[in-house]
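Alright, structures below, take your time with them.
Look for chain A in each of the two complexes below; its partner is chain B in the first and chain C in the second.
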Partner chain A sequence: MSIRKLLAIWIFFVSIVVSIIGFHSLAVQSDIGYWIMAGSLILISLSCHASGIYSYLTKKDGKNLMMVLYGSVILTIASMSFYIPDVLDLRPWEIYARIPDQFFFALIMLLVGIFTSYLSFRPYHNYSKEGAQSGALYVLHVTILLTLLPLFIIIFNIIFRGAGGITYEFLTEDIVSMGEQGGVYPAILGTLAMIALTAIIVLPLGVGTAIYLAEYARKGLAVRLIRTAVNILQGTPSIVHGLFGYAFFVLIVFNGQKCLLAGALTLAILTLPIVTRSAEEALNAVPGDLRDASLALGATKWQTIRKVVVPPSLPGILTGTVLGLGRAAGETAPIMFTAVYFSGAGTPNSLLRPIQALPYHLLSLYRLVGYRDVENQAWATALLLLIIVLGINISAIIVREKYRQRF
Partner chain B sequence: MIKKILGILKDDGECVYKELPNGMKMRIEDFDLWYGKTQALKSVNMNIKKNKVTAIIGPSGCGKSTLIRSLNRMNDTIPSVRTEGQIWLDGYDIYDDTADCVDIRRKIGMVFQKPNPFPFSIADNIYYGCQVNGMKVDKDEVVKRCLKQAAILDEISDRLGDNALSLSGGQQQRLCIARALAIEPDVLLMDEPCSALDPIATAKIEDLIHELKKDYTVVIVTHNMQQAARVSDYTAYMYLGELIEFGKTKQIFENPKEESTEKYITGRFG
Partner chain C sequence: MISRKLKDKMVHYTFFGIATFSVLIISFIFIFLFVKAYPAIDALGTGLLSKEWNISRNQFGILPAIYGSVFVAIGALIVAVPLGLGASIYLSEIAPNRIRMILKPLIELLAGIPSIVYGFIGAILLGRFLYDTFGMRGPNSFLAAILILGIMALPIIVSMSDDAMKAVPKDLKDASLALGATKWQTIRKVTIPAAISGITSAVIMGMGRAIGETMAVMLIIGSVMRMPVPFFNVFDTGNTLTALIAVQMGESHGIIINVLFAAGIMLFTIVAVMSIISDYLQVRTTEKFEGKR
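So, the complex of A and B:
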């Protein structure tokens, strides 16, 4: 391996470490002093100089001086870092946007680190096109990583803090003394019952609408109106669904009584657009050739839909429905006015009685933190909710992969 | 619109009946078809004789598929399509408002240009037509007979339970032919049924067409001149949506009246 490549690898390695330090400091708000930042920038700068000068000496080509130039820019930034607060004149802004030095430094380290590691592909591939190519690929990978990172941080955080609270007692008992003791057994059952009931309501409605849209409606004004309505429904904040559910279902239909059915109806309205959309997509994915084949054999349109179009799109329909239900399972706003009590509802035993549910339990515990000793219980509830929602989503993926139809 | 309302008011028995000359199965009369604003068929007139094979030839895009799909009202599935004129089947106008598409398609089977088997088992593919039409038949018997007629039984007799999509393109096409035979239509429409087949399978299909002539009326679209000459009794030559020439196959190939027909048949087209 040539010295040029070794230098490039060294730059890559150093800049990755720098960006990780920057990211870590951003994530957990730990201090970054002037010296750490200036030091790491100077290290990067010197390495870039070394790489650039070495390649220029071995092969006199103007392109090779790129890294030298870049190294000088970094050196300038590093030397400015002592003055940054004054140079940018951050002080007068402080009341509006508090940007502490450490935040600013961490951000610079993160960005410079990522950019330098991207640049290091150039000298490694001797400034050829391939260098630009693999550098771009690398940046895409970094983007993916940055997208997934929050997800992993959240999941590990919740598992880490919640696992201790999940005990036999927690899973099998009702809430005792405002959640300080006891468990969430009725809330688990309540959430599951609510999801099941929502599914029963939403499946026929959603699939029916989708079949109408995909198979019967000519592409005219009516279809556009229905589709716009579905989109608006999807864009509506869930708290609005909750208030509507309260104003309509609870107050008018059920005489002011919060109940399981009112909550499920509200959640059904919330998930309806998701189910309709995915079902319509699944139906549209069935090739038109098959419809023609069936019609040409003397089948009616309805026979065609029932026997040829719907069966292969069932996995898609189910996946969409389950994903929608996964979302519904975690919602608090639509059920808090329509269906749930924090305590005292017991295990669900009637459609017309209120229930307890995990998301609302979590919200209530969060409100009590500071007044009561419920933090562990709250984390455990969060973990349980996460498990249920992830479980629902994973089962959707399994169904889809197992029964996916290829044409 | 008024015609439509009248059509609804009419009793089933009251639809227009027009005796076709002896030996004639279908008659296309002043038939026009538009896709939106573009006219794809221009005043086509043509007779289809019973128990004969009629071939439709012509350059790509001239409207062969459009015409053959008009014969069993498959074009109804395309929203932008508008038609004028009549197509008579056994004396009844299939474009009359009282006509029942499902019934028409039950009597006029079709094999499409691209093979389109259902994602079911091979046997279920064949049985599907009988099932939706409520025909009381022995499934095994129908499946075996139709596959044999379509010259594919020997190749796949041990795979009848397999998904039809696992077949090769040519096998799929023969399966589609077998599927069309299962509902025992009066007329069989075939849109380039051999374009995906090798010479051996093609020869088998051509033999099959000869066989079918005894019981069925066959209309076939083909790009292959030799095939048209071999299998058909009558030939129609189309160009740019118009029927240029129609007559006995022998006459069309040996002594065409129109210059355009001759050029196309001898390959000096362009």
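So, the complex of A and C:
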């Protein structure tokens, strides 16, 4: 292995370490101090200089000097950051915030570290197009890690802070003293009842729409209109569903009474486009030959759909429905004006009575944080909600992967 | 006995009837929002679009909320687009099949986390974290909302642009590789330009999600009905259309309720226009490639 490659590897690892230190101190708000930051930048800078000068001496090519130039830029950054004030107070500019120098130090280390490790692929591949490629691939790996990072932070925090609160009492009792004690039993039942009812309402509508779009629809104004409506419905904010559910179902249909059925109807509208789209996809995946064969045997179109097209697409339809219900189980905005109370509703026993539900329970507990001792209960509720929703999603994904590509 | 043919026709029309339900619902949503909003539009007129919100002086201008919605959505895109694009390029073009099969469901899980959980985490962890770091007036800020919305828009952007790049015919990529281009050059010069309308559509949908998101935002935005000063101040508190509706709906009566429905129409219209544009772009992508085959 040549010295050029060794130098490049050295730069890569030093910059990785520097960026990790920067990220860590950014995350835990620790102060790394000016001299550690400047020292690590000077180290990277010297390595860049060494790499550039060595390459230039062995092969007098202008682009080898790029690393020298970049090393000097880092050195400039290191010396300039000496002038960062201890606390950058933004109040003179009418912005109420102050940014401590440790934040800048950590940020500089993080960014310089990532950029230098990206750059180190160029000398390693002797400035060929492979160098540009490997550098780009490295950055893409960093982005996918950063994309998944929030998932792990959220799940890790909720499990560790919520697990202690899930007790037998929590799962089997109603709210006691504004949620400080007791549990979420009626809310669990309420959420389950609501999504079961939603499923009953949405399945025929969604699958029916999908069958029409996939099997009957020809090009035309009506079909265009239906498709556009499904797409708009899919993008409609959940709070708008909540407003509509309140204005139509609660005020007009149910005479101003919040109830389970109004919530389920609202959620059915919310999940309708999800069910429709995935069912249509599943129906479209059935090859046309099968339909033609059935029609050629003298079956009617409806017999063909019932006996040939729908059975193999059932797993796909179910997956889509279950994913939609997972979304419905976690929604708060559509049900807060249409179906739920924080306490007092009890276990669901009638379609026309209000219920309690987990997402709204979490919202209500959050609003009490600071006034009452409910934070642990809130974390436990969040964990329970996450288990239910992600459990639904995971089972749907597993079904889908299992039945994927049967044709 | 009805004939087989007639029965088939009847089935056809039944399904057509079911399918028109979506159109019916959309028109119902619009009509009922409008009916409930009309008293406010009638009484306030253009005063609805002013930036003065003062309940005791009967001023209900929702401009600060509109501005807040757009502000957080653009901010969320600045966070989510670079990350989401990188991640989707990685997923669709680079990741080996085995890793892709693990990562894609993980990203779907990120999309599956309920928004109230995002809001709770955002308020308890992120809000306090930003407060400790930057010492604002309180834990609520546009910055917290932007970061949380960025995270929430990520999965949509990733999975939709992943689909768009997967839809680019393999022939195009192979031709580029056969000419001696590296994988990265192919991605940059062939795949991304070919998939650009699908990617744009993904970004618009991500922005739609950010504008329409309610629970996460209402817990961390502060719900203060005024413009941030200066207008780009991410450390300030403010309001969005969604948070305005969700917070005020429970505790108001009289004309404020009608104003909230007017805000709902505003929101619905913005997001509907965005989904139509996004949908048009997506249809154009598929037509483009199916025409080439």
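The rule we apply is simple: the second predicted complex is superposed on the first by the 349 of 407 C-alpha atoms of A that agree within 3 Å, B and C clash if a C-alpha of one lies under 4 Å from a C-alpha of the other, contacts with A are read in each partner's own complex, and residues count from 1 in each chain.
Keep this in mind: a residue touches a chain if its C-beta (ideal position, glycine included) is under 8 Å from a C-beta of that chain, and two chains touch if they have at least 3 such contacts.
Note that the coordinates shown come from a computational prediction; the quantities given were computed from them, not determined experimentally.
S.K.: Name the contact category of A:G235: first (chain B only), second (chain C only), both, or neither.
M.R.: Second partner only, chain C.
S.K.: What's your read, chain B or chain C touching more residues of chain A?
M.R.: Between chain B and chain C, C touches the greater number of residues in chain A.
S.K.: Counting only touches as set out at the top, which of chain B and chain C does A:K402 meet: first, second, both, neither?
M.R.: Once the two structures are laid over each other on A, A:K402 reaches no partner at all.
S.K.: For A:V308, using the defined touch cut-off, is the partner it touches chain B, chain C, both, or neither? Pick first, second, both or neither.
M.R.: The first partner, chain B, only.
S.K.: Touch test for A:K60: chain B only (first), chain C only (second), both, or neither?
M.R.: Neither partner.
S.K.: Check the residue A:T300 against both partner chains and state whether it touches chain B (first), chain C (second), both, or neither.
M.R.: Both chain B and chain C are touched by A:T300.
S.K.: Check whether A:N393 is in contact with chain B, with chain C, with both or with neither, and answer first, second, both or neither.
M.R.: second
S.K.: Just checking: does A:D292 make contact with chain B only, chain C only, both, or neither of them? Give me first, second, both or neither.
M.R.: first
S.K.: Return first, second, both or neither, reflecting whether A:R218 touches chain B, chain C, both chains, or no partner chain.
M.R.: First partner only.
S.K.: Which chain A residues come up in both lists, the one for chain B and the one for chain C?
M.R.: The answer is residues 300 of chain A.
S.K.: Considering the complex alone, what residue numbers of chain B touch chain A?
M.R.: Touching chain A: residues 72, 74, 77, 79, 101-103, 105-106, 109-110, 112, 114, 116-119, 128-129, 131-133, 165, 176, 179-180, 183 of chain B.
S.K.: Per the contact definition, I'd like the list of chain A residues that touch chain C in the complex.
M.R.: Against chain C, chain A makes touches at 29, 90, 93-100, 103, 129-130, 132-133, 136-137, 139-144, 146-148, 150-151, 154, 157-158, 204-205, 208-209, 211-213, 215-217, 222, 225-226, 228-244, 246-248, 269, 272-273, 276, 300-302, 323, 326-327, 329-333, 336-337, 359, 362-363, 366, 369, 375, 378, 382, 385-386, 389-390, 393-394, 397, 401.
S.K.: In their complex, what parts of chain A are in touch with chain B?
M.R.: 218-219, 287-300, 303, 307-308, 312, 405-407
S.K.: Which bits of chain C are touching chain A when the two form their complex?
M.R.: Residues of chain C touching chain A: 4-5, 7-8, 11-12, 14-16, 18-23, 25-26, 28-29, 32-33, 35-36, 82-87, 89-91, 94-95, 101, 103, 105-110, 112-121, 123-125, 129, 132-137, 151, 154, 158, 182-185, 205, 208, 211-215, 219, 229-230, 233, 235-236, 242, 245-246, 249-250, 260-261, 264, 267-268, 271-272, 274-276, 278-279.
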